[in-house]
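First the structure, in the form of structure tokens, and then the observations on it.
Chain nomenclature is as follows: A, B, C and D, assigned in order of appearance, with residue numbering initiated at 1 for each chain independently.
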Amino acid sequence: MKTTIGFIGLGHMGINMAKNLIASGYHLQVYNRTLSKIDELGAGNVTRCLSPAEAAANVPFLITMVSDDEVLRESAVGDGGILKTLQPNAVHISMSTISPDTSEELAKLHEQAGSRYLASPVFGRPEAAAARKLWICVSGDEQTKNDVRPILDLLGQAVIDFGPSVGGANVVKIAGNFMIMASMEMMAEAFTLAEKNGLSRTQVSEFFGSTLFNAPIFQNYGKLIAGKQYESVGFQSKLGYKDARLAFKLSQTSEMPMPIANAVHGRLLTAVAKGWGERDWVEGIGRGVSEDAGI
Amino acid sequence: MKTTIGFIGLGHMGINMAKNLIASGYHLQVYNRTLSKIDELGAGNVTRCLSPAEAAANVPFLITMVSDDEVLRESAVGDGGILKTLQPNAVHISMSTISPDTSEELAKLHEQAGSRYLASPVFGRPEAAAARKLWICVSGDEQTKNDVRPILDLLGQAVIDFGPSVGGANVVKIAGNFMIMASMEMMAEAFTLAEKNGLSRTQVSEFFGSTLFNAPIFQNYGKLIAGKQYESVGFQSKLGYKDARLAFKLSQTSEMPMPIANAVHGRLLTAVAKGWGERDWVEGIGRGVSEDAGI
Amino acid sequence: MKTTIGFIGLGHMGINMAKNLIASGYHLQVYNRTLSKIDELGAGNVTRCLSPAEAAANVPFLITMVSDDEVLRESAVGDGGILKTLQPNAVHISMSTISPDTSEELAKLHEQAGSRYLASPVFGRPEAAAARKLWICVSGDEQTKNDVRPILDLLGQAVIDFGPSVGGANVVKIAGNFMIMASMEMMAEAFTLAEKNGLSRTQVSEFFGSTLFNAPIFQNYGKLIAGKQYESVGFQSKLGYKDARLAFKLSQTSEMPMPIANAVHGRLLTAVAKGWGERDWVEGIGRGVSEDAGI
Amino acid sequence: MKTTIGFIGLGHMGINMAKNLIASGYHLQVYNRTLSKIDELGAGNVTRCLSPAEAAANVPFLITMVSDDEVLRESAVGDGGILKTLQPNAVHISMSTISPDTSEELAKLHEQAGSRYLASPVFGRPEAAAARKLWICVSGDEQTKNDVRPILDLLGQAVIDFGPSVGGANVVKIAGNFMIMASMEMMAEAFTLAEKNGLSRTQVSEFFGSTLFNAPIFQNYGKLIAGKQYESVGFQSKLGYKDARLAFKLSQTSEMPMPIANAVHGRLLTAVAKGWGERDWVEGIGRGVSEDAGI
């Protein structure tokens, strides 16, 4: 019989990761704010829990994949939080996109409680999570990284070790999301410039995506931005804005100005202010550039 | 015997392109501001000219590859300019990075003079020019595009047709250079954020360059920016600034704000103001981000 | 009998200045693009001219008050331009808001023609022009400044001498207009912040305008911005945008980044892109801030 | 015998305000982080306290004038915090520059404890505090505002009521400080533009300060910025940066982009990153503009 793992957070990403762990033979103790969501995992090898604490009880590993710092902090230190039940030496594998400050704070609390904390944020869309193609960034204690490695290997195509600093992997994740949203804004500006000059947005997008910028970000988002395909909501503007805030805050705590982070923060803040927070961030950014251009 | 082609401008790019044409059997009539540079092309199949007009006389095709709008305009309409000698129906293949306005202005002047003008700006560094690996963007009259195609095919790996608008290809070139400099700034911000948080700039660069951002721009410039490799000067900051000005001006004439273009324009203007105009733009951007971060 | 003065440009400002000169006993030779506008000056002491050249003939002083650099350049060097007729030693008093580059260029052309050029841009709204309350900035040749002094004294409440550099006064004018539009944007941001937090825009405006910011700019524009009073069009957004472009261009030629000039340039460019070019710049700025805030 | 007032925070502002209250006959119970500072108030009518709680005990009014939200929160809810001792119905007059969120949070805690909270931030430099010339902004409960009015009248030249919302006055204070720093940046840009064009920074400053911008902010700071007078440290760049962060955060919570707030935030963040945090904000802003201009 395989190990039991605690699992908290069945959002677009978490649901796919949880399914993969079950498919690989793990038994999961699952908590999710909307409990009914747990049914999607099927009946076998799943224990429904009513609180984070319940999910964290008596397991060697607990995975959290939640929406932001506040939810994670509440899941950890709240009334029914995991620190209440996590057994000695158990590892909290923290895979959400959060601030390195929160990782450091939680790492200390785990240490005091005798358990362990590991920042392990991931890159990849829900499809990548389903296909075990995530890139997983880790940082922190060497032994802990080794201990969780078999689990992470089941979830992604590569585990990249960013050294001993607790929050290092979170910094990389925030930097990466910043680069993604900056790429989207950059494309929206370039394609709208093309459009304003009578060219085809799509042709320009395809040209760059197949030559100098032939990387997934530019190909996949480029197609959506060029085509103004805003219907499908894969990642909400308000979540993109949350990540822009994380980048901005990190530029403050790191004491370094980031002009482009500033620009994309402004774009996503405007999207939220205009009421597009629930729309995909492709719309939040792309439509924002278009409206400012009078289109 | 092969055709004779006029050729103006033996900078880092032009010299390699001229060599390729000679190697393919063309005879060149060459003009360059610094005449001695023409010697590098060897003696065979080269005629040294003392003015643009001389280079343009009695040829069916004339290529210009010069530094900016002003030099091109002077080469065309100045005292010894090509419009004085270009024969009826001859084609001016304009490969420099210039404003679409200048293309439109020159296209009209050529039409009045009975000759033809074709915007054909290219993407690629000098090495790509040497290896016939340029991407060549064209726009304008259909017949003219067909007539010059054999020559362009010898210079690049692909010729991309952006339609009938005279300056369309120039817009694409400006948009592309904007995306390149924005990518550089974006990386400099992300890597400096990593550095400020105790991570390795190079590791972060290699991670992104091999995953989400596995495109030439991010791999090649990423390595230089991460390593703060500023010694070799491939493209001067002041030329990058010139391109940023072109992008900014195009955002004005197109009536659309471009916040990221604004940010990179400011970065390169600062580089020039600080006296780094002759340094590589990797330094202009990378060092600028570092200095503002107090590093 | 008083001197005859040439006068070109009867816009909101020029018409009032011309009236004052007539009231002070001068005879005017007037040219205006829309000739019928000249009728507003009455019949006495006015000669209607059909070209700038005609207005400039046989006078010791010629005043120009036109909309931008292009119109001024055309009035000076065009077919019916003043350089064709201006008599030796006559002074062209150039009062428009233009680039210092244009002043330098025109000053040279006047020198070659034997006449003189003096940059004399003004601060003040049409009401101030009518009330002879303009602040007039001058720069250039000492003798020339002395020669025109009696005329300038009739038009404004003060003449401020910014030294010998031909375009110096133009720099001051551009800097001042930049400060005005930045003040407007600053107030629109502050008042909208207040509004978003349930406070009265007007109360906040009145508080600042009567304490730390008790200057005309903040009192007069503050009232309009706070009250969203956009009906009356005193100064079009597209003219404000023209001035923002002058400031931006000057930051380029002066090799210095100006982040706030950047921000207001973006605001007014957006106003023009959204189709508000003919609306007052209070609307261009104020409504822009509101719309981005989702109001 | 006059009332006893609790007083916490003897910084540049607080010390002058406390002296004025004593001079008006009040007895003060004073706490300050550096206790020795209390000696400056003299022996009469002063009780030295070892904690905020001690200062707050048995008084009808308690004034706090501390450096930021964190210090205020600690003074209120910390181990030796005022909420431990403040008697029923006593009023905490909160005069620091803090976020409206903090005011709302503290107001609730006071209400639960049976005491009252009133946001009363002030405008004015230490000299103004000494001269009882502060402008005092208040917001919140009507009765409470009336109750503290006699005390506030002794401290400033005017008390301005911004309505019933608890944090309203804090919003006004943050908006005002934003406008001050934006004015400083605006002047630094304008004067440096003048300098780069051969004009006198001081002459330009005096011209604007005596005409369109004849308000204290432009006259006083204008003189310092024009003269690059950076020696005297009246208000540290890091405190200015703190206020810029408050403005930025408020733009986030209010869901509205503020491009100029963005620009000045970047300027002061850069000043701190470059190690100028302890220098006056005139230097942080003025020198920043100069360095970017290559001066």
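Methods note: contacts are C-beta pairs under 8 Å (C-beta built on N, C-alpha and C of every residue); 3 or more make two chains touch, one makes a residue touch a chain.
Note that the coordinates shown come from a computational prediction; the quantities given were computed from them, not determined experimentally.
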- Mutual neighbours - chains that touch chain C and chain D alike: A, B
- Message: Let me check something: if the centre of a chain is the mean of its CA atoms, which chain is farthest from chain D?
- Response: B
- Task: With contacts defined as at the top, give the pair, A-C or B-C, that has more of them.
- Result: B-C
- Item | Whole-Å gap between the CA centroids of chain B and chain C | 39
- Task: Can you check how far apart chain A and chain C are, centre to centre, with Cα atoms defining each centre and the answer in Å?
- Result: 53
- Note on the structure: Two or more other chains are touched by the chain C residues 251, 255-257, 259, 262, 266, 270, 273, 292-294
- Task: Please name which positions on chain D make contact with chain B in the complex.
- Result: 270, 273-275, 291-294
- Note on the structure: Touching chain A in the complex, chain D uses residues 245, 248, 251-252, 255-257, 259, 262, 266, 269-270, 272-273
- Query: What does chain B use to touch chain A in their complex?
  - Reply: 100, 123, 135, 137, 158, 160, 162-163, 165, 167-168, 171-172, 174-176, 178-180, 182-183, 185-187, 189-194, 196-200, 203-204, 207-208, 211-218, 250-251, 254-264, 266-267, 289, 292-294
